[in-house]
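Presented sequentially are two complexes of subunit A, the first with subunit B as partner and the second with subunit C.
Our next item is the complex of A and B:
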């Protein structure tokens, strides 16, 4: 007698260069080009999803992250579609950082070791902690994602090895007077159309059968900036503009049925209202915010002297699961070295000053005059 | 800093001069125009605010030959004649078609002011136009710099923010705090390297519109002052000695305190793995426990 029982077999995951299945939900992941960011996001960005980066005020670090994403496309052989209205996309491609073939993590480790030893000798009282591993939140030694050297640019021969198409500002040369209809922005429309055509023509759709699967990386720079004809998310008569949310819905729908992954940077500080930004966040999958210290008071604050900015995770996707992957800590900061952009747990340096305000102490306590047997103020009835 | 920017020592592609009704920015604009004349071959001056004669009267004679004026004031909305300069023109196309043909290597564009453009068209359109001008080629010549005047009290904050986003340098003109200065400025300069510089300065202009007597006004950083004053030295005024000399410190470090383990004992403790404590129990006779009669040992 035969049964209808079938043993559950793990569905076979596609083998695509530069992509790996997630250990949490078996989604196909690709690297953002920043290994520490991959680690925080649970291994990488899932194919078919959108990663939204809310730009810092001057946009430098967000653009750098987008460059890493593009450089990773070159290194893994993925196709790339780069759109930018603010900067010339060809110029961005010329300025991609050069890859570092040997792992810089190793070199740094050997450098750190002697100082580590000498510090352990000095431990007189807390010597029991000597053998505990030094804290490191970013994992190293994973062969997924590359490191890049910012001081050098990638050779153009290397860039030409992969299929790259660009979309520049000529596409969105638009004026509010010439928009067709009230809701849509012609720039977004034609960008969506370009993406759709690219996916169809090069066989990135899940429905088409191709011999060798590849992944399309979409890098959209500064969507929603005035160069796309956007006035801080407002229409002419000061209503919320539905153009950008509509674009995101359309983009998400296209991506869900394609072997494609999108990184968008958005100048969130230009939008009129936080609620509008929240609306955009809800329409994308992963949302991170880059909050650089450049030009702000925090730049001079000694508390933040080791970092270049704060890194806020605003939303993580729940893909094929009820919960999202939760990183160890949400207090994150980034620092930029010549060979590495690292995102790590924000550690405040110990406050060594004598007048340091501890949160559990009453800061006003010191102001009260004290006598030998109790406070002079008689705030407590039990005191005599 | 303001000198570096106006003289072109500090590169800036899009320079925005903001003024308000309390302090006009046009003197500064004319000063920048003079220094532009020394740096580039031709300067296109687009007038949307005041008629060209108004600025022409202020120009030095050696500069006036280099400045090409485009009058947009007489027909600003394009009601009379579609060909002359008005707010509906595509500025790049207009400048390329303009009559003053010149074979020069570098040009600069001054727009006096952007406000009609923002009011009659829109802020995003203005941003697009300004960036297009900055990257365009005017009659086969590279655009060195675009300088724009903006009356910021005429517009809402969103529009101003959008223009700040595209500008590489923003000079906000304010009335001076001290009488012997002509004006005060707040400068925000975004360097290509990503560094951002903010400065408050006071200066005067001489008869040739050259900036003089630049004085930087340093804002008092309250947080820093608080940090410095909060560290009084408790050992300063004491009748007895609380400080240690180096020799005394060394002697102190030699003292073996009861809780310090010596090296071998530290190593021994560290090599033992954590959580492996053992209880050694040797039962003695008094512990002889009878299950049948638990109260056997009680002497009642």
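Our next item is the complex of A and C:
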């Protein structure tokens, strides 16, 4: 293929703190708060799109990912709208992970003020760097993506520095009397209205002119759970309920003309039908599934002993471009360490034991039903 | 316009820009590159293109169009291109007026549902407006009609819209109709399956996009099955299968297993 060495003019891309243009298609991206997830999604989540996270059975890991997303809003100074009917949104805000601040000046000021005199003088490690200036040369202000420490929670003073609004279960409870037939869900309707009003009032719409452009992050927790009045995606007469698809279509239409980005977690295992879940996926942009091993057979399987669950990418967005980012491999798994959640390629551990688990069925076979090539219908490669 | 794709789908016995019905079905992959291809193909063929999108806003098609050398804004100025904001209007229509802004689809709602005949009436007046201005062939494109099913329209009503449009565009105006739908779950999703079967039955050219049987691959993005229905001579269905890979500005087509990444 021929390449023409023309320098692209990127003057049109806006400079917004905490956002960067994608290296693939110049789309404006923001970080999810998990660097490994950003990398998989092609640098981050594109502004104006919806990221759908299908929850694991108990919803713990998906909630953690949502917390990362919220924490990133605090660190970058983006506005945040957090909605949850299952948990108290204020409580979620209190449990955000604490940022790891690698800037020495800042770190001392916020974290180590009480023990200042004991620690700062006797630094012996890295003594040769003593005369270096204490501030970092990176003066761009807010950088893209932060690291967090899950063992600590973010201080509430820090959380209060950004504009956060919350929506809790009272929203759907108060309106539940007034029903609009079986097609719309009053809870979703008022949530959509709140989002719309927030975007209009604070100038996040692409049509309004503001001096300093900021980005709105929407974090919607457990949409489609029974707390929102959802009955497994069905209407009274056992048809697919159009309420949630309607909400998603509305949300997508709003986001396409706004400097906003939305992360929704959905308890997909509560829905009646896989076909219904697939319909929901089609209406959003990026879809990932968190499949935790808790309570399943895989938990005991030695192959997976390094991981806490599988991470499936179901759909990647191609907004403003012909092709979406194609990652090298879709076999991903996540693990939760003491301080952080990481998503990485699934590697099998070396089989060192004498009494190897050969008798066991190949566990990856069920995972990728059609990925083997050539080995016919045999159940095991060692079988003749 | 992707030249390789054009060569693959063209039929020597039939001109695609008059009295032609094209169906696009997607199975678990995104087939929007076909929509981009047909937009630019028919604009180059000097047709009047009316495009109803339920998936994306105009902005998206503008920026992809610019990449593949098809300026929609110029075509719009010349009156050859008309975009109908399906996503926004549908969202406004089905959400109880929560979304602000003027809604051109106000009259299509009946009892909280998009009504088939009112939607058709609205589309018909748009299409006639465009087609009466000149004697160029009219091309009408819908990128994903199954969005109507998702938002609660029954399959009967959705099929009615398709049939009305088929009659109007193909019989009355002698133009081309392109309708896309998705068929991810096959028979698990009854309504979408009915829609897909109807399209397969009634189109002249059917394009099926699906993922690879052998799973995900970075260098081969999917498989495209092209079939021509020949209703007159009752021959066996004429079919071609090819694989494709999308790049930033182009779509490479090759025979199955002949990808440069494999050879």
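As a working rule, the second predicted complex is superposed on the first by the 293 of 384 C-alpha atoms of A that agree within 3 Å, B and C clash if a C-alpha of one lies under 4 Å from a C-alpha of the other, contacts with A are read in each partner's own complex, and residues count from 1 in each chain.
In this section, a contact is a pair of C-beta atoms (placed from the backbone, for glycine too) under 8 Å apart; a residue touches a chain by one contact, two chains touch by 3 or more.
All values reported here derive from a predicted model rather than from experimental measurement.
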Please indicate which partner A:253 is in contact with in the superposed arrangement: first for subunit B, second for subunit C, both, or neither.
-> second
So, does A:295 touch the first partner subunit B, the second partner subunit C, both, or neither?
-> first
Please indicate which partner A:68 is in contact with in the superposed arrangement: first for subunit B, second for subunit C, both, or neither.
-> neither
Return first, second, both or neither, reflecting whether A:278 touches subunit B, subunit C, both chains, or no partner chain.
-> second
Mind working out whether A:232 is in touch with subunit B, subunit C, both or neither, as first, second, both or neither?
-> first
Which holds for A:307: it touches subunit B only (first), subunit C only (second), both, or neither?
-> neither
Of all residues in subunit A, those that touch subunit B in their complex | 58, 60, 86, 88, 124-125, 127-128, 130-131, 169, 173, 175-177, 225-232, 234, 236, 267, 269-270, 272, 294-295, 297, 300-302, 353-355
So, in the complex, the side of subunit A touching subunit C is made of residues 24-25, 180-181, 183-184, 189, 192-193, 196, 200, 240, 242, 245-247, 249-250, 252-254, 256-257, 273-275, 278-279, 282-283, 315, 318-324, 326-330, 368, 370-371, 373
In the complex of these two chains, what residues of subunit C are touching subunit A?
-> 30, 32-33, 36, 56-57, 59-60, 63-64, 67-68, 87-88, 90-92, 94-96, 98-100, 111-113, 144, 147, 150-152, 182, 184-185, 188-189, 191-192, 213-216, 218, 221, 246-249, 251
Which of the residues in subunit B end up touching subunit A in this complex?
-> 121-125, 127-128, 131-132, 135, 158-159, 161-162, 165-166, 188, 190, 194-196, 198, 221, 223-224, 227, 230-231, 259-261, 266, 269-270
